[in-house]
Amino acid sequence: MNRMKKVNSLGVAGVAGVAALVLPFIGSDYTVSFSIQLLIFLVLAYSWNWIGGYAGYTHFGQVGFFGIGAYVGSLLNFHLGVPWYFAAIIAGLAGALTAIPLGGAMLRLKGPFFAIGMFGLTRVLEAFALGFDSVTGGGTGIYLKPVSDLRPVYYVVAAVAGVMLFLTWKLDNSRLGLKLLAIREDEDAAESLGIPTTRLKIGTFVASAIAPAAMGSLYAVYLGFIDPPTAFAPNIELTTIAMVLLGGMGTVLGPLCGAVVLSVVNELLWANYPQIYLASVGVIILLAVLFMPRGIVSLGMKTGWVTVSRPLFRRLAARHGEALS
Amino acid sequence: MSDTIVAVEKVSKRFAGRIALDSVDIDVTRGSITGVIGPNGSGKSTLFNIIAGTLRPDTGRVLVDGRNITSASAAEICGLGVARTFQISRLFAEMTVLENLVAVARGRDDRAAIALAMELLEFLEIADIADRWGAELSYGQRKLVEIARALMLQPKVMLLDEPFAGVNPRLQNRIVEHLRTLCAKGITVFFIDHEMRIVLNECDLVYVLAEGRLIAHGDTATVRNDARVLQAYF
Amino acid sequence: MPVADLLIGGILLGGVYALMACGLNLIFGVMRVINFADGDILAIAALSTVSIAVGFKLPFWVAILVVPLGCAVFGVLIHLLILRRIEGAPMIMSLLATYALSTILVNVAILIWGGGYSGLPGVLSGSLRVLGVNVSISRLVSFACAIGVSLAVWWLLEFTRFGRAVRSVSRAPELASISGIAIERIRLMTFALGTAMAGFAGVLVAPAFAVDPQLGSRFIVKAFAVIIVGGMGSYPGAIAAALLLGVIEVVGSYLAGAVIGSAFLFLLMLAVLLVRPRGLLGAGMRV
């Protein structure tokens, strides 16, 4: 096999890490601001990839956890003066705590009904945020004390994104990852082969709710403001899913590729032409479903530039083979 | 009394009023190769799905190692050492053969799981396809990988759902040999099929189902000469 | 609490949900596709109705004829261009496809009609007294038509040759194709019928509710709750659940305000999921 042509993932990670560290010092405020948005979406995409890409559950409710986190963090910060980084941690925990009972109920539904149930529940959460205006400020929203320097926020978000990437790489090379893929491929067969599907699904659902909730809280800090349509924005859900699908569902690098491409589209269109932006994301999803359901990364695998998924198992199997012969 | 590992007691099942199984009793002796034959629609698959826990009987009960598993889930039954294959192959298509096996392994040790998987693939003489995707295998290869995947659970009982159907005679013989070896290692093999040649030559004990009823059982010689079986089949 | 008012208001609202839920059920049963764009087709149908009656000053019955037909044609196009091409693919693909389609339709609708509300004054205006309650004629008519069409479709499925074919395709596609049913044609016709139902619902909604491009997403969320509560694939379940949820929404809005009131539906949905996963009447398919 031609090893020279392969992208050396460790090298790429190193270069990206260094670039991420120095960016705030050499980039403009605009660059930092753009990067924060990109990284927040990257974290959302990696979280969605766990439940949607690996376990195969179409999750149309992730932005619900994003919104819960945004409100928990903002309220703590606004009323109690909890510092934003600490508020983000609590927001993440709140996301997990909400996800446990919700997952227990909603994951009784298989694939498509889980999708419509979560889709509806997210709208309900938005309605609650609007309706309980004595707590949330309703439609007026909450204005936070602006952060003077966005760089610390940038570093926190970048660190979380790095952790998500690492965890996904670990998952991709673990038996847990294979078990999730088995649920995606054929849940009933997986169940009757002794894979504890219910436990794994709920676990994945909860795990994939934590980071989005924390990101919601940080997003509020980044904007200095939160209201129900921002916190539970359907376009965040749409963009996240489009990123994972376009990049490659159930892969390590897919969300990264998708996030970079769509963040640029977002930056070009969202501010001035929101309708055109949303419609084009819809078109991108449609085209990906029709013509490239495995995403950009699969093209890379075909050309041999990117390592095929789950290299660890291949390597171990090869080593085992060598030991025998 | 012989040592029974799987006991089906007076199991009945109806689908929308139609009788699929009518008070069926089956004893599978530990370490035996036991087969159930019957024409299509005789209730074989229903019986199998009830034992594996994907269907519940209307009446009657199923015991594994003396434990009542009638209302246990498929995963729990699996945990008692009962592993199954599927009639229509249900390999995980977007995973390699090796990954298909490793995914269902028990225990925490990845390396041990991979070693066991490779060992099983070698035992079934398909180690060369370990890296192929589930979706690109031939029909016969699928059947073998299904068996290997069930063996990953290190079961006490193997439930094989039509392992010989549609398989060429050479591969059929190979599978029989493998099953014999497994049997010698103490694994009980219980299968359903309508491949008369194999069932009537290789099984220790044969049950014959027709229209949801057990019409005969016994060793191969008994069944071969049973008037009702001859009437149902020939 | 004005019980009669709320009951009648809720039941009338439930009629439209019932029509939508039956359309979604029909499409899901045959194609294993959940049509997220159903609500947006409804919204575009309602906006088109307003345009036909107010913009082009044509009589209302023109819309009743033209709009559902247009939606059926649109449904045929969606099926041929998108859904048919991903038939064998995993379920997640069709979910994402119709979800994307829904986004496209909403935003195109906003580009065409703008984001504001419009209505259809003067069509079916006035009110009747029913059980001592003033009921607007437009709502009464839309309820009657919606329930009428829902029952008609149910009858179509239960008692006609087309219905038999549809049912056998939903239950066992392999078997249906062996017994000589042209599956592709059934699927195409079903999808067209489903979108036509959404279009008809849109026409009915136009005189009775304020109409805007986001109308669809508000309605479909409730239709989804109806499907889950009623038990997937069960028509009587859907109609019963739709009426029940309509009442709960209206009562909830009366007690807690419009915004939170609609959330009551989902609390009921969660409760139903925990207690009766196969739906209120227990007739839904296990999924």
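So that you can tell them apart, the chains are marked A, B and C in the order they are listed, and the count of residues begins at 1 in each.
Criterion: contacts are C-beta pairs under 8 Å (C-beta built on N, C-alpha and C of every residue); 3 or more make two chains touch, one makes a residue touch a chain.
Quantities reported herein were computed from a predicted structural model and do not represent experimental measurements.
Steps from subunit A to subunit B, minimised over paths through touching chains, total 1. Taking the mean of each chain's C-alpha atoms, the chain closest to the overall C-alpha centroid is A.
Inter-chain spacing, taken between the CA centroids of subunit A and subunit B, is 42 Å. Chain centres here are Cα averages; for subunit B and subunit C they lie 46 Å apart.
Subunit A and subunit C, compared by their mean Cα positions, are separated by 32 Å.
For subunit A, residues touching at least two other chains, in rising order: 184.
Among the residues of subunit B, none is in touch with two or more other chains. Across the complex, subunit A meets subunit C through its residues 52, 56, 58, 60, 105-106, 108-113, 115-117, 119-121, 123-124, 127-128, 130-132, 184, 234, 238, 241-242, 245, 249, 275-276, 278-279, 281-286, 289-290, 293. Interface residues of subunit B, counted against subunit A in their complex, comprise 52-54, 73-75, 78-79, 83-84, 86, 90, 92-96, 98-99, 102-106, 110-111, 113-115, 117-118, 122, 127, 130-131, 134, 149-150, 153.
On subunit A, the positions that touch subunit B within their shared complex are 174-175, 178-179, 181-182, 184-186, 188-197, 310, 313-314, 316-317, 320-321, 324. Against subunit A, in their complex, subunit C makes its touches with residues 28, 32, 34, 36, 82, 85-86, 89-93, 95-97, 99-104, 106-108, 110-111, 217, 221-222, 224-225, 227-228, 232, 256-257, 259-260, 262-263, 266, 269-270, 273-274, 277, 287.
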